[in-house]
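Okay, got some structures for you below.
Look at the two complexes coming up: subunit A is in both, with subunit B in one and subunit C in the other.
Then we have the complex of A and B:
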């Protein structure tokens, strides 16, 4: 899941400063699950923005709506009539969603209401943790399902390093050492032999070839 | 000073609303500027509803719920407390006084406590100027 957080109110208010009619679009996907991008949060921010503008002697009209996922053109297309009515969009999608909305309605300013943080999941209620760096070369079968690239501060492939103490990482003693977790997990699985080979440096080329894509595209529509 | 404030009180049906009702039965009076809205639980008060009250010109809003540990839905009042804290932060960002929003807790039998809390809140709102949201809207009747 993509994890996002709300932008500071002042930043959002500043970016939509010149708008008088705004379509506020929630996303029922990841950002809604994060508790920052659903219809409820969109409605709350819309109300706060209306009050903010009124206190400045201006009037802002808002229309709040939502789509199933802003990262799919079919769902984004459902917004066409509302976008035509409003002329500007405040998106509660992740960075992907904002771009899909902006691509679909290229003649309309599209503003992000959220900061997109990382791919992760919630560990306890209300707290999310990064679990995947989207590196494109998954090695989890070798590490007991624990990603050292994401969860080790150094992202090393042969660990632990000397910075571990009592199973904790030197960067923050509340952070468990990913490589200690990997050792424990593989020991429980009876697969510690996976730790014997020295892993070569990672090939980071997968992550530096422009926007990453999955699947085979036969046309240029993805450009 | 605001001699004719508009105050909205979202009152949990199982405690504060019953306490307000009991106050009426006991002929215990509280500030007539308060308009009470019955709700099933304070945990059901969406932040957007509170913001809408301010947007529509309320000078003050209070949310009155059950005592800690006595919520009929177990933790609705605790959630409401967290929401009020978050809403106060929103009011601050908007430049509105956080004193315009409060949550207090009573049981269904605490008519006089309801009176005391509601009256104190109303006095505080009366001491503040009318809500700038209302004033600039030209509805300061």
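Then we have the complex of A and C:
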């Protein structure tokens, strides 16, 4: 899932300064599951913002609502009446959700309440870790189900580098060396021969020419 | 202009090679480099110029190499994949070759987190192994990574890579060394050796795989200047191990720097006895002036004619 974290309060307060009415929109998708984007968090931040502006002698009215997923136009469309009442939106969606809300309501400022961090899952309750860089060229069958692009600090494909010590990565001794994990796992599977071939440089072409698309006809000819 | 790498020739002829590491200055003048060059000239077969080591911005390794070459030393340019993608690397290498650089050491690079711009985006488009393979193809058959032919002169570098015998299980290190040689590395520079016992075991495995015949191995050595430096390297620098007895010798010495130099000279003499070690690479960190003394006392002076 997409893992996000709350932006610092001062940053959010700064970006909405000048708004009189604000629609605060939770998302019941990924950001709610990782405990930062649900209706409860949206309600708490709305209350905190009202108090913050009242102490400055300013009045902010907030309306709190939520949608099933902000990354789907159909659900975002449900917000139309509330958006019309408020004239500004604070979104608790991920970066995708914020943009879908902005797309749908062209004349309305939309603010992000969260920083979208990565695609991952929780390793222990409440601790989230990145597991996928969304590179579009999955090689996990070659690496024992452990992604070196994501979990190696340098994203190298022919590891480990010389910075491993006691199975840990030099960038942080709490980080296991992804390539050591790969070696150990492939050894346990009796498949270390997979480590022998030199893995060629990656093809980044499909990740660097504007937003990636799927299910739409694209013209690859360049003409 | 030299047509062939002198370092390659010496190694091919079976000389025990001596190279030294030189870090470029953190400023825009070549003077500090030229002072180091004056100290090293005649005592080493080549000088290895770091490419923003530990991710700290310094004068470019290629520019530094050109200054050193003008001062009469043979440079080895280090090139990392941390700050350049495949386009920039190939372009810089064409430029380096056109300026007379003939030796190249390919590294993935220290992570930017350790440097003075930890906010920088690390590139890492190619790892060291992929870079070695790419550079060999530039020379022969003379094509870019994309497969397009090079027009006119091809850059035929003498290509090296590094290996750290002290990081992780030995078996894995030897396997990675094999991949580097498989990719086309012609010489290998190792991380500084303090733990001779482990290095001997590493070399035994290297010989079992016949890798010492396919790539020339230069063992890294570093003179320890003080107890503080030794402790710092042991505790803070990833992939360096310093045995207790080495540290104890410095601690018990009236003059730790002199003890460090003696230790380095002894290490070189031990390394020369190991089959498959084709030379030493002296990394006298911020202490290049000591290299001539080490080379003399190790019995490696004078150097063969260039």
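Observations on the model:
Simple rule for what comes next: the second predicted complex is superposed on the first by the 215 of 223 C-alpha atoms of A that agree within 3 Å, B and C clash if a C-alpha of one lies under 4 Å from a C-alpha of the other, contacts with A are read in each partner's own complex, and residues count from 1 in each chain.
Keep this in mind: contacts are C-beta pairs under 8 Å (C-beta built on N, C-alpha and C of every residue); 3 or more make two chains touch, one makes a residue touch a chain.
Source: prediction; values computed, not measured.
Overlaying the two complexes via subunit A leaves subunit B and subunit C side by side, clear of any clash.
Using CA centres, the angle subtended at subunit A by subunit B and subunit C is 120 degrees, rounded to a multiple of 10. In the superposition on chain A, A:157 makes contact with subunit C only, while subunit B stays out of contact range. Of the two partner chains placed by superposition, only subunit B is touched by A:55; subunit C is not.
Using the contact criterion defined above for the overlaid structures, shared-chain residue A:101 touches neither subunit B nor subunit C, since it reaches no partner. By the touch criterion stated above, A:182 is placed in contact with neither subunit B nor subunit C.
Annotation for subunit A, partner touching more residues between subunit B and subunit C: C. When the two complexes are overlaid on their common chain A, residue A:43 makes contact with subunit B while staying clear of subunit C. After overlaying the two complexes on the shared chain, residue contacts for A:9 are found with subunit B alone; subunit C is out of touch.
When the two complexes are overlaid on their common chain A, residue A:22 makes contact with neither subunit B nor subunit C. Figure legend note: subunit B and subunit C, brought together by superposition on chain A, show a least Cα distance of 27 Å. The residues of subunit B lying in touch with subunit A in their complex are 46-48, 51-52, 54-55, 90, 93-96, 132-133, 136-137. Across the complex, subunit C is touched by residues 153-165, 167, 170-171, 177, 180, 183, 195-196, 198-202, 204 of subunit A. The residues of subunit A lying in touch with subunit B in their complex are 9-10, 40, 43-44, 47-48, 50-52, 54-55, 57. Only residues 82, 86, 108-111, 113-114, 122, 124-130, 133-134, 145, 162-164, 167-169, 172, 175-176, 179, 182-183, 191, 238-239 of subunit C touch subunit A when the two sit together in their complex.
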